[in-house]
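The chains carry the letters A, B, C and D, assigned in the order they are written, with residues numbered from 1 in each.
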Amino acid sequence: MKIHEFHSRNIFRKYGLPVPNDVLCHSVEEVEKAMAKFDDMVVVKAQVLVGGRGKAGGVKLAKNKEEAVSAARKILGMDIKGLTVEKVLVTEAVDIEKEFYVGLINDRNTKTVTLMASAEGGVEIEEVAKETPELIHKLPIDPLIGLLDFQAREVAMKLFGNVKLARKAAVIMQKLYQLFVETDSTIAEINPLVLTPDHKIWAIDGKMNFDDNALYRQAEIEAMREADEDELKEIDAHEKGLSYVKLDGNIGCMVNGAGLAMATMDMIKLYGGEPANFLDIGGSSNPQKVVDAMNILISDKNVNAVMINIFGGITRCDDVARGLIKALDIIKSDIPIVVRLSGTNAEEGLALLKETGLPTVETMSEAAKKAIELSQGQKS
Amino acid sequence: MKIHEFHSRNIFRKYGLPVPNDVLCHSVEEVEKAMAKFDDMVVVKAQVLVGGRGKAGGVKLAKNKEEAVSAARKILGMDIKGLTVEKVLVTEAVDIEKEFYVGLINDRNTKTVTLMASAEGGVEIEEVAKETPELIHKLPIDPLIGLLDFQAREVAMKLFGNVKLARKAAVIMQKLYQLFVETDSTIAEINPLVLTPDHKIWAIDGKMNFDDNALYRQAEIEAMREADEDELKEIDAHEKGLSYVKLDGNIGCMVNGAGLAMATMDMIKLYGGEPANFLDIGGSSNPQKVVDAMNILISDKNVNAVMINIFGGITRCDDVARGLIKALDIIKSDIPIVVRLSGTNAEEGLALLKETGLPTVETMSEAAKKAIELSQGQKS
Amino acid sequence: MSILVNKDTKLLVQGITGRDGQFHAGRMKEYGTNIVAGTSPGKGGQEVNGIPVFDTVSDAVKKTGANTSIIFVPAAFAADAILEASYAGIDLVIAISEGVPIQDMIRVNSIIKQNGTKLIGPNCPGLITPDEALVGILPGMIFKKGNIGLMSRSGTLTYEVVNMLTMNGLGQSTVVGIGGDPVAGLYYQEILEMYENDPETEAVVLIGEIGGDAEEQAAEYIAQHMTKPVVSFIAGQTAPPGKRMGHAGAIISSGAGTAEEKIKAFAKANVPVAKEPSEIPGLLKEKLAKATS
Amino acid sequence: MSILVNKDTKLLVQGITGRDGQFHAGRMKEYGTNIVAGTSPGKGGQEVNGIPVFDTVSDAVKKTGANTSIIFVPAAFAADAILEASYAGIDLVIAISEGVPIQDMIRVNSIIKQNGTKLIGPNCPGLITPDEALVGILPGMIFKKGNIGLMSRSGTLTYEVVNMLTMNGLGQSTVVGIGGDPVAGLYYQEILEMYENDPETEAVVLIGEIGGDAEEQAAEYIAQHMTKPVVSFIAGQTAPPGKRMGHAGAIISSGAGTAEEKIKAFAKANVPVAKEPSEIPGLLKEKLAKATS
């Protein structure tokens, strides 16, 4: 789960990280009013859940109220990578002597939270990682011990080369680690961490993502969720026990199991088609899930053919067939469907489907080919 | 450092432990007023920093306002083991089906915080430990891992024999561990932990001690300190870099080093005398410390002879002699003194003392004998 | 032989009185797995499918000698269940539970390493040594005893591939579902090493998917250490970046973890990558023919 | 031979630029201890008493091969300093710092155990192998090379006893001040074992004090494992319960940890307990005479 920059900044503040003052504004009027609180230069920043807003013109420096209002006017309503800017953050501008990067991620290989720090801040860390990986200092943190003082200080010394600044930065890293663990983050980064000419350190921009599996114990974080239309559909599917991700193609897929669902998408692509989604109905045999899944599929206007690919293990193919019959009965759609049932109770399932007249095939390759054929027939 | 029961209860509450409502009262009038908040039976409990108040009559059950006021009248001003009761806690009484003990201590052998739990609650755990140690369940807690759910549950099952209650009690144990570590406790015990007939669990009485060495990072705890006269002297000495404990004898001791100071006291006793104190001037050579130490010694009216026992290692004997000369100059006391200087710069120190006419001896045995002689000469 | 589970496995089912635990305990027992005990705090003394239930894992181990445990408790309690098994001396824990927080698994992996416990999962279908022990939720009837080792981050995709193997006469030594979570227990490298050392395994199928770089690491390991042939398949070539594809671990973050990179790594390590699952039996037969020629 | 420190000790002084660190580095060097480096973050590149200063322990170890470290940093930073030494691969750490919180030491002991680091202290005077290495704040001139091992929870009481030994012609193999804190590093039992295995040590003096039951445990260990004679002294027979006698560890709590109990335990283990320190040389000579007769 992602959250807005202003939410990240508030979490940072709660944990004692140095974040400049800011005001969140939803309109030009609010920006005008907010400027009463700032004496000096401010930055007006688009709040969107996507990277690259700087390049898109979503971040502007303003010397006074007039400039801030004019910046807000330009940014509010702007489109950044398909998202409309509905909020801006007005924040104190700080003088920048140097920019650093400090971030934490869960590392799959070391099975630890890993600290990443670099004197190359302010740019996308992925770029640095690709071009000059030696400029990123990595430290896997022992989960039972935490980030020790001397460890944080040693990393900070590599960035700042000055023990007084390193001590300050070390404390920031330790607080970032604490909030990372306590909020079940998957990413927590400060980019840039800024050193000012008068030797103050500020967390200027923050990015945090969270572990969806841990939201049950992070009510405060979950309340910060702000989903777009596609994500709402995904969340809705999740609540129904389904895993759904919308894509841009036209062949709807309904599959049991995440790996098989991905393989199904891949196969459609392999034979020249375009999958409209990832949809995993999971391991249960509840026919209602099939009805819910079918509803989600046909609510996507791009879908003009559906491929159902089930390998019955715990899922019983006859249950899927029953769900499908029920769904067709309720939904009344004329989008063509191809069904592949294999594994547990496949024969029973296929027998049930015979009455519906739905085309059935034996293998997933055949199913993919048939689905593409159906979708093209539909087009022409 | 010890704190009052009402302070322990407040810390317990802060960590979410189930503690019955209570009101702290300093007078009978306050008790009368407080009773407006209670509908049912209450307990009036003396707040003193010493055990055994129950046996001394410092805890009384009261059915109504009149009884509570009468109990408070008896308890306030009462003397318990030499301490005057100045506060009482009025607290909701709860029905008791069974009493348990749950406590945490720092265990020197395992070098861990150790959980102790027993179905024999409400009595002094030291008694249980002596008589029936098999009734105390002990669990050393891995400091890097903490008290795991299943571990707490297993211990709680041994006490409650019922999984629902055990789950509740396990959470209490885990919270107690969290507060123990976070407050740098040396003891945190709930005694009794009470099970009511309607299957609620309450922490009825709490005791907490704290690590003096950690008070620098426990401002909130240190603010709860309430020292008696002797303790104030000890704290004052501590601030001057001295370690002082008042005893009941008449021979004042000034020694460098805790072990040597204890051995000095022991030796006085061995030769038939009574030490008036433990006083360690530490390892520094600052003459001012000797002045401060001498002031503390003679402020004890029981002291009628002083034994100074210095083994110079880092401490230089000539510095001690200088301090002593300065002290005698300022203090003008006629309490007789015997001095033993040995080790680093002993000869220089002894030469300096020659002018003062103070009796000096070579060994600590001789010093002890001489001090006893001086103290008896004084008496007669 | 085989790896991890076999006729000597004495299985404990943690959470045996729950819906899933009860159901799968029955299925595993039916398959012939030697289930010696179940646990459910407060329900010690009961029986489920004729299996004795204990309050604690420690009790169960003492009374039955259980050496392997399978976990069916809800995600929020899975970490504690794994630790309970580990502290009770269980050698191998299989965690089926889905949705366990990553931080829990980071802590758990660190602790059980100290105790010397092996973990598979969480969020995995378990593993099977055909005709000896089924420890998990896999459909036993599609497996056939043989010489192919297979490991996979996915469940049904595994069944799909196993079914093809079996239909093509390629039986399996042990099939391991390592699970779809980003931080899990035993992973490709450890299991590849076991297959390499298992006399019964002649070739290995590695089914990977997008997210992380475990496949790249496995490729490197294979190039350096494996003498037995390995073939692979990678799911998620069409997955968009930044989206979690069902499995918590199946996500392309910051452009890393793509199928393309993984396929490239396997190519470099001389591991053929099937374009679709149905190619796997053919690739295996080719490799096996070469190996014996 | 000797135990723990000797001619091969390459000492690092952590906190060498502080008042105490600087002073004692000078004294130890004067005694002949091989001090190879000091640390003080931000002061790398400087020199103190001719000793090179580094920013980090890790740097110092890499550049100088330091294998032992002594810590003079303030109590609040002592735990971190010990851990820094441990992670840098130092074998033996001596923490002089007084006033370290107990919880810090509980954590530290658990972590350094994983790393295989030995710790003496905190709140200790250090240790000395006469004529080879002085690592601590002990007054070197009272020690004399010989065959008595001595360990103690106290500083000046140790000097008092050592002085008597030396004056009575009883030199010392290694004298260890284990420190006065309740939770410390190496304790009686570990050090007794080292003395037992040290060919140069012929007899051992154990100086204990009130608080805890380490002396009782030592007595039991001696009875079961020690072939060399041990004599002891216990300070604090007149100490009242509940009061901390200078040392954080010297406190009789809930009636346990009294001198009486400790003396009883030693009597049971056939370890003579001196009534006053001056009896120790005599008791030793008696025991040694018996041992050689």
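We adopt the following convention: a contact is a pair of C-beta atoms (placed from the backbone, for glycine too) under 8 Å apart; a residue touches a chain by one contact, two chains touch by 3 or more.
The shown structure was predicted, so the numbers you read here are calculated from the model rather than taken from an experiment.
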*asked:* Once the contact rule is applied, which chains count as partners of both chain A and chain C?
replied: B
*Let me have the rounded angstrom distance from the C-alpha centre of chain A over to the C-alpha centre of chain D, please.*
56
*What whole-number Å value describes the gap between the mean CA coordinates of chain B and chain D?*
27
*Note the residues in chain C that touch 2 or more other chains, in rising order.*
111
_Residues of chain A touching at least two other chains_ = 144-145
_Edges wherever two chains touch, nodes for the chains themselves; is that graph a line, a ring, a star, complete, or other here?_
other
*asked:* Output every touching chain pair, sorted by label.
replied: A-B, A-C, A-D, B-C, B-D
*Residues of chain C that touch chain A when the two form their complex*: 75-76, 99-107, 109-111, 125, 137-139, 141-142, 152-160, 163, 180, 182-183, 207, 209-210, 212-214, 217, 233, 235-240, 243-250, 254-256, 259, 275-278
*Can you list the chain B residues touching chain A in their complex?*
144-145
_chain A contact footprint on chain D (complex, rising order)_ = 41-43, 55-58, 77, 80-81, 83-84, 87, 111
*Mind listing the chain B positions that touch chain D in their complex?*
106, 108-109, 111-113, 125-126, 142-144, 181, 184, 186, 211-214, 216-217, 243, 245, 247, 255-263, 265-270, 275, 278, 280, 283, 311-315, 342-344, 363-365
*Provide the residue numbers of chain A that touch chain D in the complex, in ascending order.*
145, 148-151, 153-154, 157, 162-164, 166-167
